[in-house]
Amino acid sequence: MEFQYETSATIKTKIQERPVAILPVGAVEAHGAHLPLATDNILADQMSKKLAEKSPAMVLPTLPFGQVWSLKDFPGSLTVSNESLISMLVDIGESLYRQGFKMFVMMNGHLGNAVALKEAARVLYDKHPTLKVFYFFYPGMKETVPQIRESISPHSNYFHACEIETSYMLYLAKEFVDMNKAIDDMPTIPDTADVTPTPWQDFTTTAVLGDATLATEEKGRFVIEHSLDIMANLVAAALNEKEEN
Amino acid sequence: MEFQYETSATIKTKIQERPVAILPVGAVEAHGAHLPLATDNILADQMSKKLAEKSPAMVLPTLPFGQVWSLKDFPGSLTVSNESLISMLVDIGESLYRQGFKMFVMMNGHLGNAVALKEAARVLYDKHPTLKVFYFFYPGMKETVPQIRESISPHSNYFHACEIETSYMLYLAKEFVDMNKAIDDMPTIPDTADVTPTPWQDFTTTAVLGDATLATEEKGRFVIEHSLDIMANLVAAALNEKEEN
Amino acid sequence: MEFQYETSATIKTKIQERPVAILPVGAVEAHGAHLPLATDNILADQMSKKLAEKSPAMVLPTLPFGQVWSLKDFPGSLTVSNESLISMLVDIGESLYRQGFKMFVMMNGHLGNAVALKEAARVLYDKHPTLKVFYFFYPGMKETVPQIRESISPHSNYFHACEIETSYMLYLAKEFVDMNKAIDDMPTIPDTADVTPTPWQDFTTTAVLGDATLATEEKGRFVIEHSLDIMANLVAAALNEKEEN
Amino acid sequence: MEFQYETSATIKTKIQERPVAILPVGAVEAHGAHLPLATDNILADQMSKKLAEKSPAMVLPTLPFGQVWSLKDFPGSLTVSNESLISMLVDIGESLYRQGFKMFVMMNGHLGNAVALKEAARVLYDKHPTLKVFYFFYPGMKETVPQIRESISPHSNYFHACEIETSYMLYLAKEFVDMNKAIDDMPTIPDTADVTPTPWQDFTTTAVLGDATLATEEKGRFVIEHSLDIMANLVAAALNEKEEN
Amino acid sequence: MEFQYETSATIKTKIQERPVAILPVGAVEAHGAHLPLATDNILADQMSKKLAEKSPAMVLPTLPFGQVWSLKDFPGSLTVSNESLISMLVDIGESLYRQGFKMFVMMNGHLGNAVALKEAARVLYDKHPTLKVFYFFYPGMKETVPQIRESISPHSNYFHACEIETSYMLYLAKEFVDMNKAIDDMPTIPDTADVTPTPWQDFTTTAVLGDATLATEEKGRFVIEHSLDIMANLVAAALNEKEEN
Amino acid sequence: MEFQYETSATIKTKIQERPVAILPVGAVEAHGAHLPLATDNILADQMSKKLAEKSPAMVLPTLPFGQVWSLKDFPGSLTVSNESLISMLVDIGESLYRQGFKMFVMMNGHLGNAVALKEAARVLYDKHPTLKVFYFFYPGMKETVPQIRESISPHSNYFHACEIETSYMLYLAKEFVDMNKAIDDMPTIPDTADVTPTPWQDFTTTAVLGDATLATEEKGRFVIEHSLDIMANLVAAALNEKEEN
């Protein structure tokens, strides 16, 4: 189910059988001392593989460089521009369309990529309306996270290296988490962060947005599995709709 | 030594200790029935890891989408434009520069990327002359390959899914090779291929450019190890030069 | 306080006295039968003028064309690309910087512009870090709207020509509202609207997202005045901070 | 007849009845002490409204930011690049075409915009040859102005805040003119101004190019009404031609 | 005095002695039956060489492809976009600046290039204000042409393959003119040509705008020599000004 | 056979008779003391004219500015970017296609242009697959040069102002060569020149890459005539193929 490990000899048939291409899109970004820089790549990749188990899909290799404007000055962060990202995503989408895929799922592991993914999806929609394009970033988490969260959230949209994201990692890739180094570091994010450019060094030195020590594998499983169900259902519904048309 | 599996807490020191960043750049591309679409990604990744053992370097995650104009119509090939590739490589190089790396090595596994890598390197050179940028594509192979090649080469520059590239894979990632499916399919590449746009379906149906059955792990080891030595020496020399300045 | 009605002879002094430039950014877009296509322009303009009464600011002429991808196929909608919008906003910001303004407030009346405004703000931040740039879209409304809303919201982010936006218009520009034509038309926005390109004709024929008949001037006043207070405070705080530096 | 104050419910029919869209394009630019920075916006807007009285047309909201390279260093001037302007004008033209307009009239109030308007018109012509596009900048004034001009013209093409432009304002928007501040300041524009980049501070400190004290409403009426007649006739002729085809 | 026929060994000194670089910019464009497609290239080149005799200048090789939108559908016309032209002109200007030239004269032989040349000059001015950039298109001809013209001019700005341009050719490159094929073909250029995109096939089939049979070498000499004097004086004055600074 | 010296009246027929357009593409670049800066332009132009004698072709005027990154800091070198070059070449190719040419031959006289020419050819191929596009840079010289070369080659790909290129000039344009100034200056090109940006001042002060004193007209004739035969055959074969289709 990993696209790139197939061969040219058989891939045409397999695309017909599994006409959904999932692209993990992550980033290399500071995630505190207990999580690797690769966190968003690992999450996007693991989510993609799990979704491919529930859908007639194949997983593409991870696009591991994302738009990391907010944290670009933290040690270890690498950032690419929205323009670069959009341009490459559109190219990939066009290739998938020519290869015969019916659906292109961008599995996003990094909030900073959201703008580029949505824009790329619209460009592809305008060019190839029959190619269904999804951009997923933990759908349903707004409903599930409040049910398991024990710490306060420092911001309505951001979660980063905290109880939540660390829980995702404990569920999806425990081997990359060092809970001994997890900290509780609740920042005071200024009101202005939503209305003016605000690099995160303005309010945190650790890049941990909250209490990572409260993370558990179970919390991760709860949110992630719910999110995967939503995605699998959306993919299935879109495939059905295509068949009916 | 894999950059992305480090954490923000310690990466600053590690960059000082290992100030060379190696970026594997590959492609998803048809490579016949015996090699996976991922061949160029696997080779770039393995070469990078081996070079990092010989140099004070860290390996970045693979950029797995390349410029695949010539084979873009073969099943399984995905292509991105030179513009997209150059733009992203320059962004990555600028991030590495800001993070304190002294050297940016682009380890290329796919000939079609060569133009983009060279152009990105020049852009970075003009912007940040103190960042040393290398773009490697099996340096030294012009000397070593003739010593081990048993089949005729169908073209002076191209080698693809053939005795040579398959040997590289047998040495670096044997588990991805299915020699039972290796074939001998010597194409007649028209004289015009070097002077007019020539998609490869004009001269091959298999994407195998020669006799893959002659591939051996030993041949791969011979070329690759020689190439790695060359690269390690170039990196070391450039670091010395920097220290002297 | 309207910048463009000043003259070159005195503007330099006035910029020193009122060093905040407010740019209303709206759109020409379908807003049902009871609201004009100009709704977002009118709101952005009125909000800007009211903010200029509470701050040492001048109001620029409205940029009346916005990114209207979602509603672009509705009668009367005009759309410009994110690229065009970002490019022009950055140009304007650079002009303001050269003219001596300390702060550039983009007062957004149209959600579809949010991406372009944020991106333009970041570009300006990276070029001219001493120019404070704000992008406002009814700050605080997430807290105030639930207090006055009587109808259900069909979506967590969208509000359009509904109880809420119509109330804003009743408060800010009553003369442009024809409540006789206000309707109650609650759409069922599909779950997929947040994860795949979804032009609004997929779920509404009227472009009214809810019950516009429940709109009142009082509701508008409550949300808008609260939002204006927030903005005035943010501007004042940022000016103080600048003076201290 | 102002497009943006119509509603989506009726606009489709109105476009059929008035299939000509007029876009005023102006600038925010220094115009001496007796005219506001908004002069070019006001003129473009007023001209557009008067033309809409003579033609089956609707007026779009003014695009109030123009290319102001020559005067960009004067207090109060704001400038956007030709690229930004062309890009947005093309977007607007494409929207108008999709909305069913037969004609797109760009009513220019600022000479510096001329290059962008012409280029945008050509791009639209090449894309949508059935959309008639006009770019007007006081057509006929070369014939009428010499008949009323009492002062010498300092340049064959430029007129700015002078007898001529002030007369336009006295006729079209008297309330924005302060004749007490009008001056006579004839610059010596160097021969080189037509052949090398020449910001206007090289030859004027006031931005008034001549004797504004000679301006009268009557002079303005004479030139403007003649120009409006020309435009109305051109629009009518083009509509007739369309109907015949 | 032709830059490209010098060698690298001596060019540095020669640039110091002749610090003005003249670039002929022309076009390949239909010019009737009596003039070659190369007319604008020949004129630009000859004018440049004559100016170099009067100034401490060197002539660059002709850039022979221009913006030929209006005549692009006539047999033999080749056109490049404004974008391509501007981009290349700016590159050339930057090279000249780095090579030590003090002045860059763009000698234009084709009216359609005027926009690109002026824009390129402004870009260079903003980047390198100490590099003096001129863009010349027969300066002074508005004064001299009326003195020698016998035929009516069909348009206030256009002259093409007519009495005027043919006279230029008779003076500067008689060997390329076949007066036996010169015709009198006065077009009626519609009023709209200045206000809407108007490819020239709308009003002429010959591309000759007037009476070419009236052309004489003497007329050409009169206008051209006057123009050359103006240019030589402007260049000399600008060099003096530089020395004084 | 020189396209630009034809007239619009007869060119349509001539394009039908000679449907191959040859564009010489060169550069202005340092070539030592014995060869002019124009060397690459002269060679491209002469090669084009000779090929036009062997093929039903017409020669366009030379595009005399090329990508000269490596030598851009040498006295007399002028460089344009790959972007500028690609953009203009694509424009020219599209014009040729509209004019009815069946084939577009880019005759390259400067190695640094190779990337741009190949990229432009691919863009044109993707847009207009029926337009045959060739990019030639001395085809066959890899076979012929070793037969006549007496000096060692300092690099596998580069040849510049040396025995080889000087021989080309002696054969094609002897009048531009000053053999009295020819030198023997064999540089040691570092191994890194192929893998990192390496401006040529890093290894040569003369820009002569070898022993120019060994150049002879006969050597030039041998390589060039062989190359011309190859090109003529390729053009003829491609024309035949077109006729058969």
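Per-chain numbering from 1; labels A, B, C, D, E and F assigned in written order.
Convention: contacts are C-beta pairs under 8 Å (C-beta built on N, C-alpha and C of every residue); 3 or more make two chains touch, one makes a residue touch a chain.
Model, not experiment: these values are computed from the prediction.
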From chain E, count the fewest steps through touching chains until chain F is reached.
1
At the place where copies chain C and chain D touch, is the share of residue numbers found on both sides over half (same) or under half (different)?
same
Distance from chain F to chain B - Cα centre to Cα centre, in angstrom
30
Quick one: report the Å distance separating chain C from chain E, using the average Cα coordinate of each chain.
49
Pull out every residue in chain C that's touching 2 or more other chains.
none
Does the chain-touch network form a line, ring, star, complete graph or other?
ring
Could you give the sequence of chains met when travelling the ring from chain A by way of chain C?
A, C, D, E, F, B
Report the residues of chain F in contact with chain E in the complex, numbered from low to high.
3-12, 15, 28, 30-38, 41, 60-65, 72-81, 83-85, 87-88, 91-92, 95-96, 98-99, 176, 178, 181, 207
In their complex, what parts of chain B are in touch with chain F?
69, 82, 115, 118-119, 121-122, 124-125, 132-136, 139, 142, 156, 191-192, 194-197, 230, 234, 238
